[in-house]
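In the two complexes that follow, subunit A is the common piece, with subunit B as its partner first and subunit C second.
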Partner chain A sequence: MRRNVLPGLRLSLGVTLLYVSLIVVLPLAALVFKAASLGPQDYWQIVTSSRALASYRVTVLAALGATLFNLFFGLALAWVLVRYRFPGRRIVDAMVDLPFALPTAVAGISLTALFTTNGVFGSILDSYGIKVAYTPLGIMIAMCFTSLPFIVRTVQPVLEDLDPALEEAAQSLGGSDFAIFRKVILPLLTPALLAGVSLSFARSLGEFGAIIFIAGNQPMSTEITALLIFIRLEEYDYQAAAAIASVLLLTAFLMLAVTNWLQARALRYTRRS
Partner chain B sequence: MKIRLDHVVKTFQTFRAVKDVSLEIESGELVALLGPSGSGKTTILRMVAGLEFADGGHIYFGDQDATDIPVRDRGVGFVFQHYALFPHMTVAQNIAFGMEVSKVKRDKAAIQTRVAELLHLVRLEGLGERFPAQISGGQRQRVALARALAVDPKVLLLDEPFGALDANVRRELRRWLREIHTKLGITTLFVTHDQEEALDLADRVVILKDGHIVQQGTPEEVCREPKSAFVMKFLGDANMLPAEVRDGRAHVDGAVIEVSGIADGKAELYARPVDLDWAASGPGIPASIARVMDRPGGRRVIATTGSGVPLELDLEPERAVKAGDTGYVTLRRATVFAA
Partner chain C sequence: MSFKKTARTLPRVGDGPFFRRALIGIVLTLGALLILAPLLIIGVEAFSKGWQVYRDTILHPDTRHAIMLTVLAALIAVPVNTAFGVAAAWAITKFDFRGKGFLLVVIEIPFSVSPIVAGVAYLFVYGLQGLFGPTLDAYGIKILFAIPGIILASMFVTAPFVARELIPLMQAQGRDLEEAATSLGASGWRTFFSVTLPNIKWALLYGVVLCNARVMGEFGAVSVVSGNIRGQTNTLPLHIELLYHDYQAAGAFASASILALIAVFTIIAKVALERQGAGRVRPAANPAENAS
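Presenting the complex of A and B:
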């Protein structure tokens, strides 16, 4: 190993590796091991059961919807917080972290109270024939709530570091505001947006507490995968729970791998030749 | 395109950055705005570009009042100190940017041809596919210039264009910018705090201090006839000796020099290091040598006069002097300002 000037490499590396093994790798390995103990046929039957498939569908679609919404709203929020100075900006900025800090169950209960047909928002939406609570839309809204900070907090620092001279240069070259946003700002934000999207999506896939209150939890329609896993656990069917969990795990991994790859591609311009 | 600034004022919050500046830049001229930091030179440049709006006064491009025209419609090329290249675009894409977003539609082939021309002009053929992070600082600044020239600007504005480069690259780019200017004849205004750069490059130098123009003229005029002690000091190393003017003559410790147009009384005498000489015997200003610094072109001597004023002298390389010598400083020429 190369000599390092900074002290404490062995100790710190040892401690972190041990910690990562105990907290992250070991449980995941146990999960995979448990799921694998089923044998391929049983495993396949459990993970492709119609109830499981329906749960993937509603979870993934709602997570996609929530992530897409947050992509736009999170970018807009980050933009406003970075670009403009207005009274209350710091309060808004602090509130962005609320979904992180708030217990998800509290969020779930508040959202349910707001969106049931006699709630503040729910009653208005109901008069237009839109039902939110106990529908996939409610699941999506709960996911939006819990995953919003990811996009805001990944985009914000990049936006803050953006050199104003880049935009001035683009203006002096005759670029319209829209052209500058599309050709200069957006490409520079893309890596951060991708990072935020992948985190937001992964979080939405796994969200439990905020959703179960508002979702209605009807098998085949509003039952999310995380809840199905929980139900299997309650039935002491650990193997089935592990099998379904392994699907979520794999999806999250794939998602992270794909976004990492996209991010590396989007950042290839920073590499020196 | 001729540029005219007419009583231009700019205030940032409470700070008056530019105070009533009037200036004319002839078509095809290369003009330097020279001044220390905080003198308002960059603010003036940015107002000409349209990146800042003047609080008072007018800016004319030719006969057109450009004061309120936004930057994107002003038709200026702007080169930033830190290049401001788009990091996610290749060199060729950077240069093509202005043509691509322009309201004047050009087809792809025309843009490519123009990019190739510009790459040739800035001598960066073969680097079109590199990203800005993959080329040197000097190359980046040349890309920035090519990008600015791509939109056929009426005026070229450069903000401390070589400020972030090493001395050698800087000199080379200076000469090269002069060549490009000669070739294209485009009206050019650039900002610098480096007197050497301004004097080397510009047809005319505008010297600023605290938001005012203190003097303007050709490099020869400002060097030979500085109108104030500030200009004298700012343009290069200068020694100051307190003097006394009586009957058209300035008296310093042991030297007398003819002056004109200065009233009797206290005055300041300024002399460049090359304007001073050293002699072992008088007449002259008695002094002793504190230190000798050798340079490729000669010897810089630091001497202290009898009354304790430190002076810097430039002597020929052959001169045998050393620290501790005593002798006399003589004046070849000097400029006197009333104190």
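Presenting the complex of A and C:
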């Protein structure tokens, strides 16, 4: 190995490690420490209480629904942006980032305004008997909004780099468009889609600001896990807050591991092709 | 335009005129309903009680204080995270050391953690029931339910923004230029400012813009650590929540319109910077692979 002549290792690595330790690791360690101080029995009782379980259920189900919707809509959006040319395409492309740029609290109150029974969309849906605001459906829609860009932005570059020769070969063999999409294009997109799905799902599990305005926040039915943590804090039940927060943290680490693995796989896949 | 590719004889998959139009139609309709409508409704609701109410809300001392606090948080958190991002990118891309892959993962952690969890975690460091809380309290230092807590929580949430833009780019650019500059006698700082910085300036700015948008809009983490004291520790997003729950919807939307405007400017800046090539180099495949 050749000797590295560049200066600044000590300073840059020192600053990095200090900052990461103080800003990222220390607080998370303090949280884990607090949760661990409960003892296994109390801990288990808190994290499996019926109200906590109900909150996991509504959070996970809404996140699954939102991710599934975004899987189809995100793929269609990426496809339209990459494969077709139409007036306003660049504006649509830029607007895809709005959910990332718009503060979640702002998204929360605007979605609520749209979907309450006297809102623009809510009143129409209400006449068909569909209630969105203050129901699990509202939670799902807020999650759809905040996590939409993930799938579009992971699939888009792969779709752009897709070699037209592959499609041509399949076409010359007489494949129908649908068959080529399913058997040639989709397998090439799958790693990127999965990476986008895991990012989108992880974001939905932790989302707070966009949801609490539209959710109704009724214990056992429309109370997400992040809100339950917040409520425990307001009740000064810090141990319960720590325990439930540690469950979300653990899920986040799990999703981070899955995402890293999927992204590594996706990139290896695109490199090979 | 499709007719540019004259060599092609077959239309590409999905280019049938009916399918194409139908798909564009569906996607644009859904996009308008899900993305555009929430943006437009902010303007509609903000002015629903007229220009006067809008003006009064924006000029109200509490709103002005919330704006000031939001700007203050950004003025501190963004430069600190920028310095951190540059240092992290320099260490990770210009040197080889053990545990680099692990460090990369740790830097990315704040992206995966729920903002509420982040807020709670800070409570257990600086709160009265936390690690340092009692000691700090004894010295009369207030971090939680005060401005320092808000800034710290914002720093946590946005820690990866600049680093994440710089690392893949600097990885791709390699070390040759910096090594040449150093071997010709340039100091480390000189090498950075005259060789590295010109090559990364757009990506750096890109990271800064995204970091700023997130700091100004952060809600969950800040709402845990701020204590929501009106006119004291309310940032703009918290102020919106307060007005909204106070049945002052028009006021909430008026305040929200400021943040929406910032979001729109962020997107415009993002597009402009992408034209300069920022945001193109995507994260390196497997962190461990690059640890060489």
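Here, the second predicted complex is superposed on the first by the 230 of 273 C-alpha atoms of A that agree within 3 Å, B and C clash if a C-alpha of one lies under 4 Å from a C-alpha of the other, contacts with A are read in each partner's own complex, and residues count from 1 in each chain.
Just so it is clear, a residue touches a chain if its C-beta (ideal position, glycine included) is under 8 Å from a C-beta of that chain, and two chains touch if they have at least 3 such contacts.
Note that this is a predicted model, so its numbers are computed, not measured.
In the superposition on chain A, A:P219 makes contact with neither subunit B nor subunit C. Once the two complexes are laid over each other on the shared chain, residue contacts for A:L188 go to subunit B alone; subunit C is not touched. Of the two partner chains placed by superposition, only subunit B is touched by A:D163; subunit C is not. Of the two partner chains, subunit B and subunit C are each touched by A:Q171. Between subunit B and subunit C, C touches the greater number of residues of subunit A.
By the document's definition of touching, neither partner reaches A:G39: not subunit B, not subunit C. Shared interface residues of subunit A, touching subunit B in one complex and subunit C in the other, are 168, 171-172, 180, 271. Here subunit B touches subunit A in the complex through residues 49-51, 70-74, 76-78, 80, 82, 84-89, 97-98, 100-103, 130-134, 144, 147-148, 150-151, going by the rule given at the top.
Against subunit C, the residues of subunit A that register as touching in their complex are 1, 4-9, 11-13, 15-17, 19-20, 23-28, 30-31, 33-34, 73, 76-77, 79-80, 83-86, 90, 92, 94-107, 109-111, 113-114, 120-121, 141, 144-145, 148, 157, 164, 167-168, 171-172, 177, 180-181, 185, 202, 205-209, 213, 226-227, 229-230, 233, 238, 241-242, 245, 248-249, 252-253, 255-256, 259-260, 263-264, 267-268, 271. Residues 1-2, 8, 10, 12-16, 19-20, 23-24, 26-28, 30-31, 33-39, 41-42, 45, 83-84, 87-88, 90-92, 94-97, 103, 105-110, 112-118, 120-125, 127, 129-131, 152, 155-156, 159, 175, 178-179, 182-183, 187-188, 191-192, 210, 213, 216-220, 223-224, 236-238, 240-241, 244, 249, 252-253, 256, 259-260, 263-264, 266-268, 270-271, 282-287, 289 of subunit C are the ones touching subunit A in the complex. Looking at the complex, you find that subunit A touches subunit B at residues 163, 165-166, 168-176, 179-180, 183-184, 187-188, 266, 269-273.
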